[in-house]
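The structure that follows is given in the form of structure tokens.
Think of it as A, B and C in the order they're written, each chain with its own count starting at 1.
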Amino acid sequence: MALSVLVQQLISGLAMGCIYSLVALGYTFIWNAVGIVNLAQGDFVTVAAFLYAATFSNHLKWGFVPALIAVMAVMALFGMGTERVVYHPLQGAHPRTVMLSTLALGILLSNMDIILWGPYPVTTRGPFGQDIIRFGDVSIMQHHVFIIVVTLVLLFLQHLFFQKTTIGKVMRAVAQDREAATLMGIETGQTIAVTFAYSSALAGIAGVLLAPAFMVSVDLGSVGLKGFASCVIGGFGHITGATFGGILLGIAEVFVSSFLSSRYRDAIVFVILVAFLLLRPQGVLGRKVGESL
Amino acid sequence: MKDRGGATRSLMVLTVLFCLLAIAPSLVKSSYSLFVLCLSVINGIAVIGLNFIFGLTGQLHLGLSGFLGIGAYALALSTTRAGLDFWAALVISIVTVSTFSLLLGIPTLRLKRYYLAIMTIGFGEITRSVLMNWSSFTGGVFGVQNIPRPSLLGFRFTSNLAYYYLLLCIAILLSAVATRIERSKYGRAFKAVRDDELACEMVGMDSTELKVLAFLCCGVYSAIAGSLYASFQQYVSPELYTLAYSFSFVSMLVVGGLGSVPGAMLGAIVLTVLMELLRFLKQWYLVVYAATIILVIIYEPGGIIGFLNKLVERIGRRRAPSLSKEAMQHGGGV
Amino acid sequence: MGPILEIKGVSKSFEGVLALNNLDVEVSEGEIRAIIGPNGSGKTTLINVITGVFPATSGRIIFKGQDITGLSPFRIARKGITRTFQNLRLFPSLTVLEHVLAAQHHRSRVGFWGSVFSTRSGRAEEEGMVSRAQEILEFVGLKGRADMPGLGLPYGQRRLLEIARALATGPELLLLDEPAAGLSSEEIQALERLLREIRSRGITVILVEHRMMLVMNVADRITVLNYGEKIAEGKPAEIKNNPEVIQAYLGRAYAAAGS
């Protein structure tokens, strides 16, 4: 493979990897706070992508930045609503019950997408459209670079948020040990609502960044599985692991599907996932602690 | 020797249910109603299968569409391509789905977190995409046509009425086996795993092995249900086998009553009929459906059977001392 | 008699915090060994490490001369070590009898079909399990409760059910994690008798307990832990007067008042 192609592949894999990381982080925060996997996470991404592409960008003709902020705000509210409807009434129920209710929400959302935005895929122009940057014989999609930059900025802000702000520190404490946090007098209820809001906002960003690069349809929900695979690869419940796992998966996926048929792209991801569960269930960064509890 | 009231009650419900199903064709007139009846019974078999892993053992299996799809295609391909007889093809179908259930179950169920839920979602989606894309083998989007109906001792179940009674016989047989499994030491062990895996391990139970066994039971029942469906429609195509399809079976079990064989059958009938009645809602129908399930999970987690049990308990309270509140709350539910 | 359990240099740390520090304990066959110590001294961690709930960070655990370090919990249970839980872990959907039957599951030999279709051997086995279960329930004092849901029992009897469930696995070593917690004084007396009867059946008992009266009455030997280390070991009378133990337990206030 020529070096130029290699670099191109690497950049596009990195861009997809960033999206997976965002989705994976969404799973991780909710998992750490309440011990469930939010099975609607992928559908949150789709809702956000439709919101951005069909409503804010194509219909209202908003610019990228205001549209991004608007989608994040809507998604954050939506996350809080989700917490009220599918998590809050089921406190004390078994995690599988809560997960089932998140799945029901996912099914509901993917059908609402079709009702609200029609059955046909929607396309939209991002801030850069299909523009390409050339370095010698390497040509790179500008949007891909943009995805990478936005994700890096976001990860930096997230780091500041958790280190410097009170609510960030509280979220971290709840994520580490919910019971201990309760004993220390932290309002876990509020924190959990904020966690749902933040996870949904992350899905919102992922959706907005994805929309210009793909046709927006309910099939985008498959990033849910990719995000989950990223979590497993990095070590489930591990924040750095989720980020790292996403990027690893994005790159692996691009390279593997350039050798094999891209039609089986999702199947390849699934095989990678099974391989990890078999050989290294604690992930690349995770430690094997308390698996049996 | 154990909880005789519950056991007798569940047997009673099951008997009444099958008696009603047996006379149902003479009560309904249209061929469409007969079609819905056949579908209800096939779905009932699939839900009884799901009950092993989800209802009894408590593992969230969201990829039933994958099991049903592989089962249906195994039958479809081995009858139409290899020219096998229905019953031989059914065996192939069972073996195939069982193999897949082990391949998926062993790596996933070994782990104690909730990996199964998302792994099975992935499995279902991958199955559909492979059925769709591997056109040289599966026929791709065009599916497989001309799947034969079974014949037995020279009699061919060509009419839907004849096929319906065959389905009913198979369903009765499989319900009986499922009930026996539930009452056996294995059923007891499955429930113990559902209740507390660590406590199980501490008394020497291999919880992984038990979960895999329940998953395998689910695979066998799904293979049968998938095959019966393929032969009933005489046609299969990949677009049926979506996550929403898997979800509909989980819903049937939740609405009927988790962990209960009559509940599984009852839920399958109620929701299959309801789905047909709600067809006019078009796209809204899955929205209404999903919202209903959320409400059931929150307000009546024991499903129809749980509701009936509560009713009987309330009536019987004057005669028998009541259970402690805590025990009541734990008696079933999602 | 020789040791049934040898804990050799076992350490366990959580996220860098040392819960057990290079611990050596030998438990003789047939004794009741109490393990005491202030809160957070590592008693429950020790039980969890012995039963395989989490692996030891270092060190070895030898049961009847066989290394069982790192085995999964159910394999350790099958070797003859079982336990009860401090915060009861009963099966909410099983009856009292079913709890005791489930604990015999791993010892049953009849296969899937034999048990599902109640073949003659399947029925015989089930009957055998039921009568054994009835015998165990009677032994712990839960006769006549067989058909109640496990969670329908009053609190004290739930603790007995956990013991019955553990006994049903046919253990040689039984680990009890605070079996007297939440019991009334009559119930504790009954428990004391039960522990002696368990010992007289040849089962070795490791008892983690806070109630000193019970410990002093039934234990053959006592091991005292503090901050994950063994600070004393001996007969109850020796432990009672050990100044280091008094210090660890009661702190400076007591030492000051005593002097």
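The rule we apply is simple: a contact is a pair of C-beta atoms (placed from the backbone, for glycine too) under 8 Å apart; a residue touches a chain by one contact, two chains touch by 3 or more.
Being a predicted model, the structure only gives us computed values, none of them experimental.
> Just by CA atoms, which chain is the most central one?
Per-chain C-alpha centroids ranked by distance to the global centroid put B first.
> State the chain with the largest centre-to-centre distance from subunit C, centres being mean CA positions.
The most remote chain is A.
> How big is the gap, in whole Å, between where the Cα atoms of subunit A centre and where those of subunit C centre?
45
> Can you check how far apart subunit B and subunit C are, centre to centre, with Cα atoms defining each centre and the answer in Å?
It comes to 41 Å between the two C-alpha centres.
> So what's the Cα centroid distance for subunit A and subunit B, whole Å?
It comes to 32 Å between the two C-alpha centres.
> Counting only residues that touch at least 2 other chains, which ones in subunit B make the list?
Counting only residues that touch two or more other chains, subunit B contributes 198, 201.
> Can you list the residues of subunit A that touch 2 or more other chains?
If we look for residues of subunit A contacting two or more partner chains, we find 292-293.
> Of all the residues in subunit C, which ones touch at least 2 other chains?
Only 53, 72-73 qualify.
> Please name which positions on subunit B make contact with subunit C in the complex.
Touch list, subunit B to subunit C: 1-3, 177, 180-181, 184-186, 188-189, 191-192, 194-196, 198-207, 213, 259, 323-324, 326-327, 330-332.
> Inside the complex, what are the residues of subunit B that reach subunit A?
58-60, 62, 104, 107-108, 110-115, 117-119, 121-123, 125-126, 129-130, 133, 198, 201, 243-244, 247, 250-251, 254, 283-284, 286-287, 289-291, 293-294, 297-298, 301, 333-334
> Which subunit C residues qualify as touching subunit B in the complex?
51, 53, 72-74, 77-78, 82-83, 85, 89-95, 97-98, 101-103, 105-108, 112, 115-118, 122, 126, 129-130, 147, 149-152, 165-166, 168-169
> Which of the residues in subunit A come into contact with subunit B in the complex?
36-37, 39, 85-86, 89-90, 93-97, 99-101, 103-105, 107-108, 110-112, 114-115, 222, 225, 228, 232, 236, 263-264, 266-267, 270, 273-274, 277-278, 281, 291-293
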